[in-house]
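Lettered A, B, C, D, E and F in written order, each chain numbered from 1.
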Amino acid sequence: MLRRLFAPTIEVSAHCDLPCGVYDPAQARIEAESVKAIIVKANDKPDDLDFKMRATVIKEQRSELVKHHLWVLWTDYFKPPHFEKYPQLHTLVNEATKLAGAGGTKASWDVATADELLAKIEEISTIFWETKKA
Amino acid sequence: MLRRLFAPTIEVSAHCDLPCGVYDPAQARIEAESVKAIIVKANDKPDDLDFKMRATVIKEQRSELVKHHLWVLWTDYFKPPHFEKYPQLHTLVNEATKLAGAGGTKASWDVATADELLAKIEEISTIFWETKKA
Amino acid sequence: MLRRLFAPTIEVSAHCDLPCGVYDPAQARIEAESVKAIIVKANDKPDDLDFKMRATVIKEQRSELVKHHLWVLWTDYFKPPHFEKYPQLHTLVNEATKLAGAGGTKASWDVATADELLAKIEEISTIFWETKKA
Amino acid sequence: MLRRLFAPTIEVSAHCDLPCGVYDPAQARIEAESVKAIIVKANDKPDDLDFKMRATVIKEQRSELVKHHLWVLWTDYFKPPHFEKYPQLHTLVNEATKLAGAGGTKASWDVATADELLAKIEEISTIFWETKKA
Amino acid sequence: MLRRLFAPTIEVSAHCDLPCGVYDPAQARIEAESVKAIIVKANDKPDDLDFKMRATVIKEQRSELVKHHLWVLWTDYFKPPHFEKYPQLHTLVNEATKLAGAGGTKASWDVATADELLAKIEEISTIFWETKKA
Amino acid sequence: MLRRLFAPTIEVSAHCDLPCGVYDPAQARIEAESVKAIIVKANDKPDDLDFKMRATVIKEQRSELVKHHLWVLWTDYFKPPHFEKYPQLHTLVNEATKLAGAGGTKASWDVATADELLAKIEEISTIFWETKKA
């Protein structure tokens, strides 16, 4: 997490499509952390169906937010030169959003799925911050 | 009702991330048609600021819906084999969503921008229906 | 792409209340197709409670969208002359929206309920396209 | 707190489609009162374009909420016997929702339009409370 | 319609942040009444899991609306002089919103929790109407 | 910004009301940064009314999100012991949310208002991180 040490002032995030120019992969990561925490908590109470039902409702929403924040980065922040420099970027974001969908954290209660999603977001984040420095 | 006679089975559309398996680029196209109609109507009343303000609010929403429906196709419907068969697909969807954003129909009042967006959606639609037949 | 050849001009849909003038019962039908697919899928996995819970969340949302799209047609598209020419129209739309509510697809897991809803939407659609031709 | 003393039991409102059974035309009326207040305030500042733009955004939202609350009453609360007893009910709700749309308070800055909308809601409200007493 | 005769002027509600100036604790109370009705209905059908799942989805939404309406009052309606005159007001609203959250009606299926929430809202309402008269 | 240096792992944010336990004032700050950027950009183009109209729509939304994220912290994260230890906390959050409303960044195009809002959020953030360390 060297980024944190050297770049405290650039931690603003991004999203509005004015565009305001404020973007940050942290928004997707935060929602993914929530998704992971929801899975852990629900797994800790295997016999509490009431809790599981609420967790289902909320995990669905938070996973959707992960997808949304990643889509915003892909469409609004990343530009052709970025896709040229990082040829894996399209696939990476596509896989990450799939991991937050029905084939990923929306349906899964396996914490490993959430970790996989978080790892993909970290990869996107690394590329993002490299492009910001460039 | 000729439409019903010739093409009843392919008119379902798609989106929910259960997934229900129902997808259709028509959803994006419909919103883009709205965006175009909004631009045309507003341009027809150049001196009606009240109308322009309402049109701004609504064009912003409809453009966002175009982006959303295209993102859903890109993440939820299209799979790795599709991206392999259509190497231009990532760029195509990325450009289409950009065309519905701040660099496209959100900010623009030029009907040509809406037409460009509709053309991109038509390209995506052509690929989509080819993959459905495959 | 036969569909495109035979019916290119009537496939636009409608909704925004500028109004942009773009309306199409397909929007309601698409959501209803989703609702039906959700019911079929959930019934196919009678022992998968996790899946059923997600299906419940999503069926609730999609049924609400059916209601919304039908309400838009009823209020924004249909005008007094239409209600005069089709005296059953108020009741038809009212029944269709009820069929997408708590007394219909929101609570029911019977595929017949979804089919009933789709049939009502088809009736509305027939009237809609007749008025467009008039 | 005279209000509490004289009318404690009828002040519940309605809407969720469980259904919870709680309905009240006050929800539509409240939003319509907002719409009227927005119009009055904007008209009081004819030269304040910044204010007018914000008012446009908010009036659009509040008018949409009026439509939504009336649609909920029409579909979820009112039943066939009500439509039989009050043959004007379909037309009344249809006109009221139209008055909150593009042909009504969404586009208009005339306080008379908001008053007309409020009068329609009052008519619906009178019928509503009669059916509750029945 | 006795209600209309005795209390016509104070039944408007409030919320939009133009601000339109229309506020009413009834909005929060109505949602809380819904929450209570949902709990009662679900408890009446202890063996109906399908119903319980729908009730979970809807109770989550309605509880969130209670929180939202109370937050609007706290931020948009109440001013420094109110907080000075009613030193318990901050804590009261904070407790009420907590009672509509995970530690309250979102997680609980005990009707007593909903009653507690309604009682807090009534306290807030009493203060609200006192400030309106002042 | 010593916090960044010493506490990289606690930068997850918070919000879902399961609760997942993930909270972070950064969510409010990010939206407030957007609001500030929107104001700066709009002021840079004093003659571009089209841009100003879009900026109005978006600033309204982003300001509302600031309010929402702060309300979540106030109700869901902060507990009675926090309010006891920081007696200014109620007033601080109340003032911050007011600064993101009609009396603050929603209506204002003065960058100083956005800075004031950001300063309040920073104060809340400082308290937040102190309570996390405790």
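Assume a contact is a pair of C-beta atoms (placed from the backbone, for glycine too) under 8 Å apart; a residue touches a chain by one contact, two chains touch by 3 or more.
Keep in mind that this is a model prediction, so the values were computed, not measured.
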Co-neighbours of chain F and chain D - touch as defined: B, E
At the chain B/chain F interface, shared numbers over all numbers used: above half (same) or below half (different)? different
Greatest centre-to-centre gap (Cα means) from chain E is with chain B
Count the C-beta contact pairs for A-B and for B-C, then tell me which is higher. B-C
Given the pairs B-C, A-B or B-D, which one repeats the contacts seen at D-F for over half of the pairs? B-D
So what's the Cα centroid distance for chain D and chain E, whole Å? 20
Centre-to-centre distance between chain D and chain A (centres being mean Cα positions), rounded to whole Å: 40
When centres are defined as mean Cα positions, the distance from chain C to chain D in whole Å is 25
From the C-alpha centre of chain A to that of chain E, how far is it in Å? 34
Residues of chain E engaged with two or more neighbouring chains: 17-18, 53-54, 57-58, 106
Taking the top-of-page definition of touch, could you list the pairs of chains it picks out? A-B, A-C, A-E, A-F, B-C, B-D, B-F, C-D, C-E, D-E, D-F, E-F
Which chain A residues qualify as touching chain B in the complex? 17-19, 64, 67, 71, 74-76, 78, 83, 90-91, 94, 97-98, 101-102, 106
Under the touch definition given earlier, write down the residues of chain C that touch chain B in their complex. 1-3, 6-7, 10-18, 20-22, 24, 26-27, 29-30, 33-34, 37-38, 41, 54-55, 58, 61-62, 126, 129
Chain F-touching residues of chain D, taken from the complex the two chains share: 50-51, 53-54, 57-58
Touching chain A in the complex: which residues of chain E? 52-53, 56-57, 60, 106-107, 109
